[in-house]
Amino acid sequence: MPALSALAPRPSVLRLSALVLGALLAVAPASAAPNASYPLPPASSRHEAQVQQARAFAQKVLKDFKLPGLSVAVAHRGQVIWSEGFGYADLEQGIPVTPLTRFRVGSVSKVLTAAAVARLVEEGRLNLDAPIQKYVPAFPVKPWPITTRQLTGHLAGIRHYLDRDEAIFQESRHFSSLTQALGLFQDDALLSEPGTAYAYSSYGFNLVGAVVEGAAHEEFLRYMQRAVFEPLGMRHTSADHPHQLIPHRTRFYANGPEGSHQHAAHVDNSYKWPGGGFLSTAEDLVVFGSAHLQPGFLRKETLALLFTSQKLKSGKETGVGLGWRIGVSAQGRRILHHRGAIEGGRAMLMLFPDSQLVVALLGNTYADFAEEQAAQLGELFMTAPR
Amino acid sequence: MPALSALAPRPSVLRLSALVLGALLAVAPASAAPNASYPLPPASSRHEAQVQQARAFAQKVLKDFKLPGLSVAVAHRGQVIWSEGFGYADLEQGIPVTPLTRFRVGSVSKVLTAAAVARLVEEGRLNLDAPIQKYVPAFPVKPWPITTRQLTGHLAGIRHYLDRDEAIFQESRHFSSLTQALGLFQDDALLSEPGTAYAYSSYGFNLVGAVVEGAAHEEFLRYMQRAVFEPLGMRHTSADHPHQLIPHRTRFYANGPEGSHQHAAHVDNSYKWPGGGFLSTAEDLVVFGSAHLQPGFLRKETLALLFTSQKLKSGKETGVGLGWRIGVSAQGRRILHHRGAIEGGRAMLMLFPDSQLVVALLGNTYADFAEEQAAQLGELFMTAPR
Amino acid sequence: MPALSALAPRPSVLRLSALVLGALLAVAPASAAPNASYPLPPASSRHEAQVQQARAFAQKVLKDFKLPGLSVAVAHRGQVIWSEGFGYADLEQGIPVTPLTRFRVGSVSKVLTAAAVARLVEEGRLNLDAPIQKYVPAFPVKPWPITTRQLTGHLAGIRHYLDRDEAIFQESRHFSSLTQALGLFQDDALLSEPGTAYAYSSYGFNLVGAVVEGAAHEEFLRYMQRAVFEPLGMRHTSADHPHQLIPHRTRFYANGPEGSHQHAAHVDNSYKWPGGGFLSTAEDLVVFGSAHLQPGFLRKETLALLFTSQKLKSGKETGVGLGWRIGVSAQGRRILHHRGAIEGGRAMLMLFPDSQLVVALLGNTYADFAEEQAAQLGELFMTAPR
Amino acid sequence: MPALSALAPRPSVLRLSALVLGALLAVAPASAAPNASYPLPPASSRHEAQVQQARAFAQKVLKDFKLPGLSVAVAHRGQVIWSEGFGYADLEQGIPVTPLTRFRVGSVSKVLTAAAVARLVEEGRLNLDAPIQKYVPAFPVKPWPITTRQLTGHLAGIRHYLDRDEAIFQESRHFSSLTQALGLFQDDALLSEPGTAYAYSSYGFNLVGAVVEGAAHEEFLRYMQRAVFEPLGMRHTSADHPHQLIPHRTRFYANGPEGSHQHAAHVDNSYKWPGGGFLSTAEDLVVFGSAHLQPGFLRKETLALLFTSQKLKSGKETGVGLGWRIGVSAQGRRILHHRGAIEGGRAMLMLFPDSQLVVALLGNTYADFAEEQAAQLGELFMTAPR
């Protein structure tokens, strides 16, 4: 969909007088009927001015970061107020990004998984402080117990990817279960005693997924669907299965030389559904985020749990709650957020709890837009009238 | 092609607390597999450099003339060497222009019709100098005889559109036959004695179509299909019937205020199939043009007939042969050409006989690109290697 | 979008053994790598079985009614649980219907307009029983007073379309205001004394729109946007302006002979925004309907007002409340509904208040699917688990 | 593109009388303007009846072989007379197959490569009977000399794929040159003495590609472009590079259970450009085939070389010339042909030299349509009226 930003809200002025038309015909075989003047309906959205600014901003992000395609959505007070696609979902076929286009959200998957954890905690089925073997009995016992709370805060000492993992990923190996994928790291030593150091780990979040599966007594993806996506109406969020046909899934790109694009390397993200393997739309993400701005989907105390920074044993704050990052934007606003960075994808989800605002940006190539751009986008909607 | 090492993900620059930032950078939250370096096949077309220039030129035309969509094709020595779509065939749905997209060619229809005249002349079925009532018996007799030769050179004194015609066109009236559409002007007085003055007239060419119908003893559109389009393989050329489903027909646009676009007025071009009512593709047009660069489809003497300027009785050259315009480009090259200008469309077809080159440009809004742009495009392909 | 109904939830069985492959190669140059077996994620929606039935039903409707395209959505307990497009939004370009595709909803516009009336009543700005000249001063005084309540129940004696109106419509005349369009009927005599007889009238609803405009002191379309569409998040509903570019608007079709399709006649629906001129999506319509199933957008007593059958002076029930039709389905369920029938469009919106279910079906040609099909679709979702 | 097979060539009968309209309005809020009757242009192609049959045949092939998408083209006397897409190029996005859609042609690549061999033979740059080391010096010497003639006839004793090759292919390894890919088999023993047995081998054809490269002193893909594709105007044929952006390349599918589709395994065909790695369109293939029906692109004696069955040393005919298969259809007609079978693709190219007819069918999944269907398609065009 091309940006229809300049759609005329005013009468056309392209009426050629008969005189001018006659003059034209004297020199050229013009045969066009002059176009009548049609008054168009008034620009109508109360957010119209903001949306125009945001549209220009999105087009600038598209250009500055050389994105093939970008999807942006904004929700205010629980309602999507703007959602639009920019650029292409498929460069070979010329398919525009639309609000239906599904992107790889990468590590934004972690906050989706965190919602499942929150639900299980509310239901009393998951004890955040129990050793994770209670839910994942096959996981090797380590020198110290590991808890789900630690895993969701990147405090458990589980390692992140190493070079040898990258080599495995390049084989596009498919894992048919979360527990099978745990094999990639489960026998490795912890980086440190749990609780003593922050170490970002997607593997750690895959283990969180296994905990969800064990606590829910239900396959992880099925539980996500039933307990998170369906209750929130996120009908466009799903695992990025490489072989399944998934409506409106974007193609995935990488940068080529001289500003060109090429296809991203083929990847199979089945090793990391919980930590980085979901597809979603910008609209679904802002709906998801909006459900975290007031009690309803989750209780007030559960939201507090998600959004309270965990601490090291030393007492030092980490800035990460249960999956969510907690911070302050360059403009001085409280923000709750996560980014995603993945082969063929870039994602930002940011909540401004004091303004009841949520923004999401999704790109179909690995690019460097991030918290700065999300915060700038949010600012454009801060003075929402009434 | 250069290596694609630019794909390697660099550590992202998170704007979080120093603690988190440090921790993240130590292991990098990137989960993208580094993309290997893939040598791409060599740029291969011998016209590659020319095409790149032409592509940039086409994009500039698209932008400068605020076209929603543009299609360009170039043929050399009888073969299409480049054909590409730019912009959108449908702005509401985001459908790109492709080489299959059909545009309104407006008055370029006149040279299509002229080819039918040429075929009938070759078959001995049409005498260019006979009074047209020989083929269109119902056409009112005028103070002077009118011939097909005069009509094809805009020398017959038939009037062009007047204001009252525009009013009729705006009603989108549908004509079920050419002869019915002749009623729009057939009873009007001639502008001057045939042969004495040049007066461009689409109505005159509609009458040429009726002559074709009469000489061929076959409905005009059917004869065009059988005698012109099929022999030349022009499978994407057809009448712009408003209700028929026609594959890949573009939407038609008009300019709105401030550089915006809106839908063109709804029109029914059935009143002017021969003079301006065809749809075609840039590829079909350059194929058509190429068939006029050497004998084959038509004989050598017939080509000479088409491309020799007719003269007024005063002996003055008109610069128009049988439908075709004959001239010299700003760059000093012999050109044979016609433009089209129509509600929702703009068209240029230009032949450079000395270079065996043909170019076509088709736009889906009434715009002012014309002979100058066609000539510039042609120049880009003049130094075709070997 | 093709219906992806049969997406494989189970492992593929297309693995060729080396033996079989060898045998194939003996007779054929097969070079395909055998396709590995990929376990796909489980079918996950709790409505999965219902959706499969509904998808088959929609495909049958598409086929039985020879629709080029169809969009269907279902909401339950205030949430969209299914939304899918079938067939084509554009037959010439092969564009699939998606949930974003906008259709002409025809007279379903009347219940949209009724929501604006309800809002104004709640705000105390509109007295349903005041003579309409209070809000539309220029409307000619008739022998009896006419009220907004009567107009919304088709009881005011305003006539519907006559042959001479159809002739006017075929001219595709554009009206730049509601009041200008009232000129089509405002000087005509009433069919009967208001309140004494039911006479369905789109003109009457256009007058309701003028009342809204007068009561709101705001242009009708702007008020609809601000007071109805925006509060409900209906971002894909707008006036069917013929010249404006409207994202994802379907093309409009008519039946040709022998089951074929052709383009619908070009129409300009500006004469009837309130009574039949809106574009919408099936999703937007079920969101709209859902907002009528419990207080929130409107108060409980206002909902009662909308959904209580008005009576003739004789005391006879009309089965129509404020715009809405009130009835019982063939299956014996209470239903609140409206259909739309328009050049190039067919629409059904049906609410099942006892089941908190809403369904919408939108087609892009005039066809005969109606209440029966909507009720059947609703039945498929009646046993929604939990 | 949906098949527009039933486009109405006759007047519509959908005119509702005022009476009927009135009756409708009594029971339903119909507001549709009756659709006027528009006479459509006559069905015009002289092949119209044949094309209608062929279209039905293609739709049957699409259905019977459960193809996501299919492209079909037919050329007669050197001209494309029909070309049409069926089904989908992209099931996730709902993109129709069009004549521009590029498919994997698999082993049809062998006859493309054979044309390059033929060109080099004509130019005197390639001796078919010289040991191949003359052109590929690094190729290991075998117990017997191997010639290009033998390779093109599958007589050289080079092996085809084994299980261990399939394992390598599944790694999607990318080869940056033909000679690098020869490493997959070049050190293996010959199956038999060259000339003594027929053994179909794609590896053998990859070696032919290396011979072309050596004889032409030009990279294989570049020579193909310059010496075959450009002279023939095959602008839609190219190597199926996995990372390059290639306009209108189809997605590739595999069969799932119960008639469903899924994505084909990701493959990198760089190990077999000459033997099976090209993308093309049905139109390009019939243009290619047509150039083999009379001298022009190749000389008469070169065509004879391509189309004369090679013999074993025993004197037994193999039915294979230089790459091409030579046979007789079930209907008794002489045919020259090749099929392709590849992950995500199926291809058939068949020439009927006695009828100057060429047909091509391309599918985007591995399916079993083959010579039988091509021959049946050809039969439909056999009685082509002048």
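In order of appearance the chains are A, B, C and D, and numbering begins at 1 in each one.
In this text, a residue touches a chain if its C-beta (ideal position, glycine included) is under 8 Å from a C-beta of that chain, and two chains touch if they have at least 3 such contacts.
Given the structure is predicted, the values throughout are model-derived calculations rather than measurements.
The chain with its C-alpha centre at the largest distance from the centre of subunit C is D.
Each of A-C and A-B has its own count of C-beta contacts, and the greater count is at A-B.
Distance between subunit B and subunit C, defined via averaged C-alpha coordinates, is recorded as 41 Å. As a whole-number value, the distance joining the C-alpha centres of subunit A and subunit C reads 32 Å. Chain geometry summary: the mean Cα position of subunit A and that of subunit B are 46 Å apart. For subunit C, residues that reach two or more other chains under the stated contact definition are 1, 4, 7-8, 36, 38, 40, 91-93, 95, 98, 242-245, 247-248, 254, 261-262, 265. On the subunit A side of its complex with subunit D, the touching residues are 89-93, 95, 171-172, 242-249, 254, 261-263, 265-266. Contacts from subunit D toward subunit B in the complex involve residues 1, 4, 7-8, 36, 38-42, 44-46, 79-80, 82-83, 98-100, 174, 176, 219, 221-222, 225-226, 230, 233, 235, 238-239, 241-244, 248. Subunit D contributes residues 1-2, 4, 6-8, 10-14, 18, 21, 25, 28-36, 38, 40, 88, 91-96, 98, 106-107, 110, 160-163, 166, 169-170, 200, 202, 254-262, 264-265, 267, 272, 275-276, 338-345, 366, 370 to its touches with subunit C in the complex.
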